[in-house]
Amino acid sequence: MMENMLTWLVFMPLIGVVLILMIPKENVNVIRSLAAIISGVALILSLIIWGGFERGVSGLQYATTTEWFNIGFLQFNYEIGIDGLSMPLLVLTTIVTTLSIFASFSIVKRVKEFYVWTLVLLTGMLGVFVALDMFLFFLFFELTLIPMFFLIGIWGGKMKEYASFKFLVYTGLGSAIMFMTFIAMFFKSYEAMNMQETTFSMIRMAEIFADPANPEVLTGTVKGAIFLALFVAFAIKLPVFPFHTWLPNAHVEAPTAASMILAGVLLKMGGYGLIRLGFGILPDQAARFATLIAILGVINIIYGALLALVQTDLKSLVAYSSISHMGIVLLGIASFTTSGMQGAIFQLVSHGFISALLFFMVGAIYERTKTRTISELGGLSKSVPVLAGFMLAAAMASVGLPGLSGFVSELLAFIGIFGASESIIPAATTIGVIAAIGIILTAAYLLWAMQRTTFGPMKEKFIGLPDARPMEYVPMIGLLALSIIIGVYPHILSDVINTTVIDIVSKIGG
Amino acid sequence: MIQNAWLIPVFPLIAFLILLFFGRFLKEKAAYVGIAGLGLSFIVSVMVLFERIGGETYTYVIEWITFGESTITMGYEVTPLNAMMLIVVTLVSLVVHIFSREYMHDDKRIHVFYSYLGLFSFSMLGLVLAPNVLQLFIFWELVGLCSFLLVGFWYFKPEAAAAAKKAFLTTRIGDVGLLLGLVILFNQTGSFDYGEIFAAVENGLINDTLLTAIALLIFMGAVGKSAQFPLHVWLPDAMEGPTPVSALIHAATMVAAGVYLVGVMYPLFLASPTAMTVVAYTGAITAFFAATMALVMTDIKRVLAYSTISQLGFMILALGTAGYVAGLFHLMTHAFFKALLFLGAGSVIYAVHHRQDIRDMGGLWGKMKITAVTFLIGSLAIAGVFPLAGFWSKEEILASALLNGDGFLFAIALVTAFMTAFYMFRLFFKTFTGEYRGGDHDDPHANDPGVEAQGAASVAEADNPRDDSVDQDRVPPAEDHGHHDAPKENSGFMTFPLIVLASLAVVAGFVNAPFLGHQLEGFLIQGLNVGAQPHGELWLAFLSLAVAGGGIALAWAMYYKGAIAEDFFASKAPGVHKLLINKYYLDEVYVAVFVRPTVAIGRFFWEMDKSIVDGIVNLIGRSTRGTGRSFSRGHNGQLQTYGLVSILGGLVVIALAFVIRGYFG
Amino acid sequence: MTAFDANWSLMTPEIVLAALALLVFTIDFMTGIHGKKPFIGKLSVMSLLVTAVLVFLTNSTSGQIADVFVVDGFAMIFKLIILVGVAMVILISMNYLDRNEEIYQGEYYSILLFSALGAMIMVSSADLITLFIGLEILSISSYCLVGFKKYHRHSTEAAIKYVILGGTASAFILYGMSFLYGLTGSTSLRVIGEAMPQLFADYSVMMTISFIFMLVGFGFKISIVPFHMWAPDVYEGAPTPITAFLSVVSKIAGFGIVLRVMVFGFLPVYEEWIFIIAVLAAVTMIVGNAIALTQKNTKRLMAYSGIAQAGYLLVPIAALPFMGNFSLSMILFYSVAYLMMTLGAFAVITLVTEDAGTSDLSSFAGLFQRSPYLAVAMTVFLVSLAGLPLTAGFIGKAQIFFGAVSADLLWLAIIMIVMSVVSFFYYFSFIKQMFMTEPKANDKELQVPVSLSAVVTVALAVTIILGIMPNFLLDIFTTLNWFALF
Amino acid sequence: MVPISLFLSLAAILFCIGLYGVLTRRHLVIVLASIELMLNSVNINLVAFSAIGPFANISGQVFTLFVITVAAAEAAVGLAILIALYRNRNSIDVIKHDLLRW
């Protein structure tokens, strides 16, 4: 059981899908509870894995490999395992999904399908984080595409079709680039090993790229091109300017629960892929392009923040804030320091919770007020004090207030970028200082938004709005508590991550 | 007990948590929860202080985060400085808690108020106890959050909401500098612990340029938090918060955190002469400009706010001129008398039905004896009259400015001291002497620039007729307070704190009085290498007294006696007056220089995002579709066209084979 | 070797099928021309399945008849695809025919059987004449089938377009063939192939023209751009099951002969045509996908989709000289995948468009509410066509992609994958209609006939199984003796 | 002896004429006839190669017979469809049959 734990975890939601399919769609409450139970079981499984995860041990854990199928000499394996990088994200996925299922209890339209797609999505996301075979990774990566397309397309807002298609085609393009790159990597590694070895294993691939039998094959140009292609593929998902434009559309139109998952987990797949594949397999190229990545990170931070500042729709404000926050991830990984790398991973996790909470709050407020336009809101602290309070807390977490998880990641990322070696990023200090402006801008747009929505005189039409329902407390308290726990005592996360981070960074020699 | 110093912040935290979860059931009783929490904290603080004076010390840390080989720890530590600060914070916080019991009792959200106060006390005490500068920063930000929450406590007032945002954002600018400074410092020293940082500084591990940069960045944090020029603009606006909050946060404790920060990082600053100069000049300029603005303000709280800025400038000036003890000593005394003044102001405001304009007051001496007397003590203390607390500390600051050798700084300090005495007594005389000018008109100065836009609060309130229960700070006090028109003394909940603070304002100065042997100095500098502390000679004390006396006399002549017309200076130099009334137009300048362009850039980028970045994406989509559509035009239903296309296609293929490949000739 | 020495038993499946087709024809005569005849449909399916079993059995004795007719692994797989395909088309047709009484059912089935026969002969042929005969049996049957709704204006218009353009294409093929014959003196592909390098050296212009004429003709049959113009019109006008037939059976059989001709005839001179094929593949993928984006008619959309898919299938042909058997494996795997997903999709389309009375895309509106099973199955088919993972289409495409990269056709591989992403758009617009649009007010729950749901189920199962465990099929391919002639 | 190139040229010319007819004539019967013309040009080719080609043998003539047969079948089907079309549309003008397009 222990060694197949990950497999159980990944495919458990599919069992849930089968169970849900057997329930008549009229039994809405049964379906809802079942979905919650299934995701809860996944959450418990992931926590058991978390508990059994050995700290301070380098390398993979819970790893298994099984031959899957082959096309000619191409052997495809079912190879999974986790390390300190994927472990937190795995738990993040189950938590955010479980809470988003709680958050979606207010959905009344086509309930059965909703949970089927959510659970399929859960399998895809978990699979992405455990897959160690590139082909498998790609499969799971793509598997997340369709459920999200449906979640946006069926339960979305006015422009749902545009948004869902844009999401599908845009991120589909990213996946296509990723696939091409994987194939290129495969062939180059094959060639580099003098046609003696074929592998899709990320682990083996990293070894081959580090120490090929035939170094002439893997020239700097080839590796550089591969790295850039990987970067673009994941940049679309993360998203990185200028590949970000699908995100606001998708977020604004998606239903609350889907937004939570989209911002909470799906974007993280981009960052995860970048670290796992880009930095894990091609550390030298990552170092070579570190400056570019750092600059893009800064652009993301500033650009996202500036756009968030002028949004008129609360949800798109949060969406742009996601773009801004993902810049921190880029900044952290580009620094090639343990702190920066850890900051990036912290940011992935922390933003997962915070953005999910923000989207949930926006969704809850929209559900009551029927508007997301900032200028039409106001005085919510008066009409729905609990919701407004959590909204404010979420905004503060997003601002990066110490004691909440966002601060830790920002701190680490900044320590990273300022500590970046001169040989990797020449103008690290300048980049860091510009990025710091983003902190002010973040505070500006979020506080301004809070001033205009939760503060101010209460609007006539918002009198008597119902405040938070008991079921809504689950995601609100859950997400905020997690953010606080990580913010107050980040050690629980850092002792899981640290060894892996040291491994990644040590590949470039410090 | 010193091992249990962690209890000091924990009591308010528990109070906060209790009020957060059960506050709505406690209502007014919430106040007692808060008071109890702070009371316990205060008791523990006193015990800790005595043990500390006895020489005990204690540090406790746990691992907070690990990355690579580095570990950051968190914990608590008791040093002389923070032992002193613990007393100041818990004491002021306690009296403010007590004061608020009466001041806020009509507010339906009193439990929320007390929970915020609890959170603030927790954060401020955590800040003080921090054993490393990162932990300090963490609590530094948390007190900022509490300030935001408390300034915006009456969030339904647009001005309060705006002020809260402004307070948070402006200090955030400084905080970013501080954060960067810490980050660079960490990368240089590998630690956030004070000890290791100072060791690195002493051993010259950091080069001078970087050291100066770090010091200045850290100082940026202090500038923001302690409302120093040019980031002082938030503090006057923060007066939108309830008055007890102003007393606690925006006079006694949080705003002093910047000074405290410079204090705890003092060895770092000492190592960089450039940084010290910048610190000194910032302090001096702030002290002076804030004082000039305080001269003309007519809102009682704003006068006090500018006075606070000015006094904080004094402290910074002292630190910048090597007067380590002088600055921190003034921090302590100021905490007491400024809290006293604010609470006194609160008492007055409460009594005059929530008017804040001093032109609507007057003649309160006889009506509110305790308030008036304590207010007078506070005013005397801040003016620096012997033997009150302010005298001792201000004298030391002047000494430090003088002995630093920069005559300019000394001159500014002296002029500012004069202005301090003047504007405080202007305030005192206008408020407590003469005829009571309130009662018969509602808000005569609503459009007066002196009250400025924030005075429009009562206009905004008209939009919210439903806020009757919450917006008690603005409603006619008839049914609320039980006193209709004539102001009268408030209950013991309000006067007791005044008396406590007044006593302290009288005696606090003696802890470092020369004739008692500079006890505080001996306590504070133990184990620290902060250089010899400057002490003035006797003539300086007399000069200081004379200046204070001059200021008081001028105020007396103008506002009590009427010997000089009140608008004497205003009419002589209307331009200057207007400039001061409008606070040097700094707010407008900031809006024009920073806010508007940022928003404009944001708009521009947004347009660009929609039209170019996303435009290209959509264009690719559309053009693909357009290509498809144009291709499909070929399918016109005519089979002969189809044939023709195929044949032409075939010919093209032949041509391709012939020409491009070139194989076939 | 004379004709009488030959091992005629190799032709058993064809002979049996011909006999059975005639039997069906005869029974039809005897039962009167009008009316519903479900038993004939069943009989036809049985015939095809019997033939398929025979095909499978005869494979153990691979060989050839006088360089004219070969039985080898390659032929077997194609024949199985054809037979299963036609069987599924018939199953789809049964319900369709009951709704369209103008169609004479007996004739319809027997002609379908004859077309299957033609396709089988075609893929087994090793001789230009056999090849031509097979091709024409298939083509002429197809002309008839397209025009089967003879009182229907679209159907007859489609038929006349098809017959004229198809005839012209045949003429092109023949004209090209005539030179091959003339310059080698043989119609045997093996002989031609052996002589080919010398021919190209001696008569390069003539051979080029000959090759390209044949390419134009074959290109027409497999509808590659720019010889694809007929396809959308004919697909749209034809009875829907026939559209399925054309887009699957006819096309795959066409690929069969293209491969035969390429492998046997032109492989020695691959340098001359590989680039042309690659360019045609690229153009086909681009144009097919681009036009498909704009389509609102399901059948027409599927026609362009089919064109695009033909482009994908051309890629391994361009990679053939480098990849050899692997290329064939790719083509066959993708053919099987294509057969299943396309026929599955057409099964749904047939039912839905017939029920709605229009083949507009909007007829799919709210299908999920009307028949969840069909909608989900259709989604799987479309996802597979789009090439998303865990479906046969993905594995097929991935293989082709691998092949293309291995063969240094990276640019083609990139076009292919980008065009796959473009195809998301129109495949998912079906899905959008099914799941995200409310059904029209008067649309009731859809009754799914057994035959049709059988087709859908089989197609669905195969699509998913091949997507998850492609080795079911791939392992068979590795054991095959592809070509008996070499 | 007449060189084979003449036959081939004749065939080519016939093929082109046929093709031209297919592509330009508006009368469907003539279009069908033009296809026959193209097929017949193939026949000329085959017969010429069969008789005086570099590798003259009988296969070409056999091929020709098949082509003729198939052409007949094709013409039959074509005409049948043409009649059906005429019944439906009352016209056998090529350019009027464009219901199916775009």
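We call the chains A, B, C and D, going by the order they appear; numbering starts again at 1 in every chain.
To be clear about the criterion, a contact is a pair of C-beta atoms (placed from the backbone, for glycine too) under 8 Å apart; a residue touches a chain by one contact, two chains touch by 3 or more.
The UniProt protein names, listed by chain, are A = NADH-quinone oxidoreductase subunit M; B = NADH-quinone oxidoreductase subunit L; C = NADH-quinone oxidoreductase subunit N; D = NADH-quinone oxidoreductase subunit K.
It should be emphasised that the depicted structure is a prediction, and the values quoted were computed from it without experimental measurement.
Asker: Take subunit C out and leave the rest in place: which chains still touch each other in groups?
Answerer: one piece
Asker: From the mean C-alpha coordinate of subunit A to that of subunit B, what's the distance rounded to whole Å?
Answerer: 37
Asker: Can you compute the centre-to-centre distance for subunit C and subunit D, using the mean CA position of each chain? Integer Å is fine.
Answerer: Taking the mean C-alpha position of each chain, the two centres sit 26 Å apart.
Asker: Whole-Å distance, subunit B centre to subunit D centre, using C-alpha means?
Answerer: Comparing mean C-alpha positions, subunit D is 96 Å from subunit B.
Asker: Averaging only over C-alpha atoms, locate the centres of subunit A and subunit C and give their separation in whole Å.
Answerer: 43
Asker: Which parts of subunit C, given as residue numbers and ranges, touch two or more other chains?
Answerer: In subunit C, residues 160-161, 164, 168, 232-233, 422 touch at least two other chains, as defined above.
Asker: Going by the touch rule set out above, which residues of subunit D reach two or more other chains?
Answerer: Each of 19, 22, 97, 99-101 in subunit D touches at least two other chains.
Asker: Could you check subunit B for residues that touch two or more other chains and list them?
Answerer: Counting only residues that touch two or more other chains, subunit B contributes 632, 635, 637, 639, 643, 647.
Asker: If two chains touch, include that pair; go through all of them.
Answerer: Taking the chains two at a time, the touching pairs are A-B, A-C, B-C, B-D, C-D.
Asker: Taking the touch rule as given, give the residues of subunit C at its contact with subunit B in the complex, in rising order.
Answerer: 160-161, 164-165, 168-169, 172, 204-205, 208-209, 212-213, 215-216, 220, 225-227, 229-230, 232-233, 271-273, 275-276, 279-280, 287, 289-295, 422
Asker: Quick one: in the complex, what on subunit A touches subunit B?
Answerer: 166, 169-170, 241-242, 244-246, 303, 306-307, 309-311, 337-339, 342, 379, 381-382, 396, 401-403, 407-408, 411-412, 414-415, 418-419, 429, 432-433, 436-437, 439-441, 443-444, 447-448, 450-451, 454-458, 463, 489-491, 494-495, 498, 501-502, 505
Asker: Provide the residue numbers of subunit C that touch subunit D in the complex, in ascending order.
Answerer: Within the complex, subunit C touches subunit D at residues 128-129, 132-133, 136, 139-140, 143-144, 147, 150-154, 156-161, 163-164, 167-168, 170-171, 174-175, 177-179, 181-187, 232-234, 236-237.
Asker: Give the list of subunit C residues in touch with subunit A in this complex.
Answerer: Touching subunit A: residues 326, 329, 368, 383, 388-390, 395, 398-399, 401-402, 405-406, 413-414, 417-418, 420-422, 424-425, 428-429, 431-432, 435-436, 469-471, 474, 478 of subunit C.
Asker: Which residues of subunit A touch subunit C once you look at their complex with the stated criterion?
Answerer: Residue positions touching the partner: 69-72, 74, 113, 138-139, 142-143, 145-146, 149-150, 153-154, 160-161, 164-165, 168-169, 172-173, 176, 179-180, 183-184, 187.
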